[in-house]
Amino acid sequence: MKKIINKKNEIVDDMLMGYVKAHSDRVKFSSKNNRIILRKIKKNENKTSLLIGNGSGHEPIAVGWIGEGLLDANVVGDIFAAPSGDLILEGIKEFKNNKGVILLISNHAGDVMNGELAIELAQNSKINVSSLIMYDDIASAPKGNEDQRRGGAGTTFVYKILGALSEKGADKDELLTLGEDVINNTRTLSVAVSSGISPITEKKIFELDEDEIFIGMGVHGESGYGRQKISSSKNIIKFMMDKIFDDYSYNKNDIVIPFVNGSGSTTLMELLIIYKDIEEYLTKYNINSFKPLVNEYITTQDSAGFSISLLKSNDIMRELWKEPCSAPYFHI
Amino acid sequence: MIKNYDNWIKKSCQNINNIYHELDDLDQKIGDGDHGTTILKGLKEAEKIFKENIENSLDVIMSIVAKQMRLVMGGSSGILMSIFFYESGKINPYNISLSIVTIFQNTVNKIKKTGKVNVGDKSILDVYVPLLDYLNTDIEIDKNLDSINKIIKSSSESTINMEAKVGRAKFLEKKGLGIIDPGAYSTSIILKEFFNSLYK
Amino acid sequence: MKKIINKKNEIVDDMLMGYVKAHSDRVKFSSKNNRIILRKIKKNENKTSLLIGNGSGHEPIAVGWIGEGLLDANVVGDIFAAPSGDLILEGIKEFKNNKGVILLISNHAGDVMNGELAIELAQNSKINVSSLIMYDDIASAPKGNEDQRRGGAGTTFVYKILGALSEKGADKDELLTLGEDVINNTRTLSVAVSSGISPITEKKIFELDEDEIFIGMGVHGESGYGRQKISSSKNIIKFMMDKIFDDYSYNKNDIVIPFVNGSGSTTLMELLIIYKDIEEYLTKYNINSFKPLVNEYITTQDSAGFSISLLKSNDIMRELWKEPCSAPYFHI
Amino acid sequence: MIKNYDNWIKKSCQNINNIYHELDDLDQKIGDGDHGTTILKGLKEAEKIFKENIENSLDVIMSIVAKQMRLVMGGSSGILMSIFFYESGKINPYNISLSIVTIFQNTVNKIKKTGKVNVGDKSILDVYVPLLDYLNTDIEIDKNLDSINKIIKSSSESTINMEAKVGRAKFLEKKGLGIIDPGAYSTSIILKEFFNSLYK
């Protein structure tokens, strides 16, 4: 296998050790469990804490996003596997005396089941915690069934905007309300170009022909709109943007925050070309862009591909989006 | 009873160890390729935890075993597959047959609730439900082990012709059609050993 | 070809357009040439300006490193090709009234030839400009011939440290002196794991067997210490660190700044595991690490591989290294 | 003279256009795979610039041509290969032979200085130097075109057996041994056309 690792069953723990060592000025292990990563310095108990549990193998999300203005903690599962509800509970308990806690959940079956279990157990322990289920991937469920969609790269808007607001002392309900609002105004569509290699199976995660791309494919190779021959960036972007525009109604003078996420080995050169074509598409409809994000943030090992996420924003969202944050791997 | 359970878990672990690559390959085709590795990890942990807690009563042991399985397995399968291990601790040595029906009934209820899953969705549930139906016909288990094994086998194989409505396979182009559900397959091995260990 | 682009001969221009659009709050095109990228707001003429000309295809370096506390400008060549001296001259002229200008040159033949031509032409025009040739790759020339080594990922230390110092108003000579000092105390060794695809040739950039890695290979596939079978991260890191330690003498209680650079499709998971093994190696020798950098900064398309760079640092270097900077793709 | 030069550049461009893929392939083996594309881009630009500036004197035209080639080609080859184009503008129509020797002498000097390169280093210099040596023997060029063509051909082919000490090939395991230097190959085509256009 062409991966630079040590023991296969210690990949995640080794990675976390490297992460905590490399960024020891900003993050640390929980004293209770090395799968719970916390800010080096805990904010006071008046803060509504934000955390998430998720499978690894998609770095830098979410472990790299711990810091002021973003997450308070991340509970880390094995490769592509949500951490168990019991472990997430441990993470929540780190904030048991806080005014409130929000467990973000990206809408994937394992994350939801385990997240809901954790919430149930935490509420039994009288912790003031709520969950916020995030979804945005338009290829995973039709219009009208938005809440059955999966969490994609667009969940980033929720992390960042709630991260900034919670830092200012907002309470749980205010955060949840804004979170819902962000989710309702976010759309994501992704495309797979070629598969990376899973460090567990040592095999390709999915199969694509030499001249094929797959629009709407999930991070593990699940299907969406289907296969097509690879064509120019302009063509692909038009196809994808048309789908997004079918799904949500954008209006003249809307201000959207675009996020082009690379899934691993797609180059920054490509991502920037893609961004150019997206902005040109938006401009044609007289839609404005605000502080776009273009980089690799949610990856699936060394897969090639990308996703387009758009948040139709209001003033408050934009203010919070551009707030600085100190997380080691999130940069605005 | 504790000895039977110890044996059940050991045997399950051995059998899965022999074929976990096959399970990974199945999951590679319709999931993310880790089901064999995951369930093997869970069973190895179960074996260890069982031994460590052997001084306790069976229901205590199995509730610890189930929680630890859930913890090390993570994902959907950890939380769902540990349910049977948890429920199995409630066996009543004085009325095994009746309590087994209850165990399976509770397992089915909890899997349905947690997994938001129904019969025919291509999952572990498709092994539990036909078995529960059979057990509900008031048979004497010890005299019908062959039938039970047959039901377990055929119901897990019946998932080959199902299109997934849960799990990762749900998002595939063909929804896993033509491939046996890896979770159903591993469940069939575990359940077969459960009955064998109780009655043989 | 599995690259998401438009016309092949417009890749670089498309990318730059996307870059300038996406980060229009921070960077812009020169009014004279779209291959010269400048800070959005020019610092005053008392600043000694820092710029570099380099081939593209290695993003985010250097185009992504324009900003306060880093570069003033980047002159961008075609894929893997240094820009011509004439174009670099245009870039230098943007700062003709500045107190001083430094042209950084990463030691590669094309960059040096064209850089030196630009310096000659600029000096003829009475611009107060000097060049600083940066080298660090220990595999490219033996000990004793350090100045014949090529510029590798360790040049990053020069960019960042001089970037911070120039921002504070230091003059050219002071910058050059510190720059030499950084170069003398930097060592880099890289390893190739598998080749990416060149967007020009549409072919693999180099060939490696399924179980092979190449230690000391340059960004375009040039040789170093040679091929070996892939092994554990620990083994590879030990091999590489031993080579670096043979080349430079590190002492107990030294403080080094480590930089683990990913070359494209090597995952952050791997880079963090690698960092863990590096820090453990250093700790065995009682050498301390300071604010390490672990990410993809100098890539070669979607090649897999990484490099280790170490700067044996002093107080001044460390102070400047950790200064914040506003470049879109450099994050400390 | 301007017509000959116009013809020289056009023909060079045509010939390179026919084989630039071959040059890319050679450079793929011992460099970064772009030499054909790069020199073709340079020559196309040269052809265009030549036409645009045709009203000027030859030395002015060629100095503009050379600068533009350098600009569009970039890299090592842009700066090095444009040298001959620049020098060629200094041809003296009243004493072609003598001025050609000077042109080649100056080209060689400049390439050596800029490229920090010597004979035998596997580069374009290995075509220029044997040719200069021959021209220095005071031959009448027009009567020795065949010999000139032979020297150009054989000297470019002689790079096959050289190990590179400059350029990207220098860093390869085998230093490019066994492969013709792509820059030498393209240079041989350009120089052959130079003499043909002047004398045919």
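Letters are used for the chains, namely A, B, C and D, taken in the order the chains are written, and counting of residues starts over at 1 for each.
Just so it is clear, a residue touches a chain if its C-beta (ideal position, glycine included) is under 8 Å from a C-beta of that chain, and two chains touch if they have at least 3 such contacts.
Please read all numbers here as calculations on a predicted model, not as lab measurements.
> What chains touch chain C and also chain D?
Per touch definition, common to chain C and chain D: zero chains.
> Spelling it out: a chain qualifies if it touches chain A and also touches chain C; which chains qualify?
Touches both chain A and chain C: nothing.
> CA centre of chain A versus CA centre of chain D: separation in Å?
54
> Once you find the CA centre of chain A and the CA centre of chain B, what distance in Å lies between them?
32
> Once you find the CA centre of chain B and the CA centre of chain D, what distance in Å lies between them?
Using C-alpha averages as centres, the distance is 75 Å.
> At least two partner chains per residue is the criterion; list those residues in chain A.
There are none in chain A.
> Going by the contact rule already set, what residues in chain D reach two or more other chains?
Residue numbers touching two or more other chains: none in chain D.
> May I ask you to sort the chain touch graph into line, ring, star, complete or other?
Its topology is that of a line.
> Report the complete set of touching chain pairs.
Once each pair is checked, the touching ones are A-B, A-C, C-D.
> Please name which positions on chain A make contact with chain C in the complex.
So the residues of chain A in touch with chain C come to 1-7, 11, 14-19, 21-22, 25, 56-57, 59-60, 64, 193-194, 196, 199, 210, 230, 232-234, 236, 264-277, 279, 289, 291-292, 294-296, 299, 301-302, 304, 306, 329, 331.
> Show which residues of chain A lie in contact with chain B when the two form their complex.
55, 77-87, 109-110, 113-114, 117, 140, 150, 198, 200-201, 203, 205, 218, 220-224, 226
> Over in the complex, which chain B residues touch chain A? Could you list them?
Touching chain A: residues 24, 28, 31-34, 37-38, 67, 70-76, 78-80, 114-115, 166-168, 170-173 of chain B.
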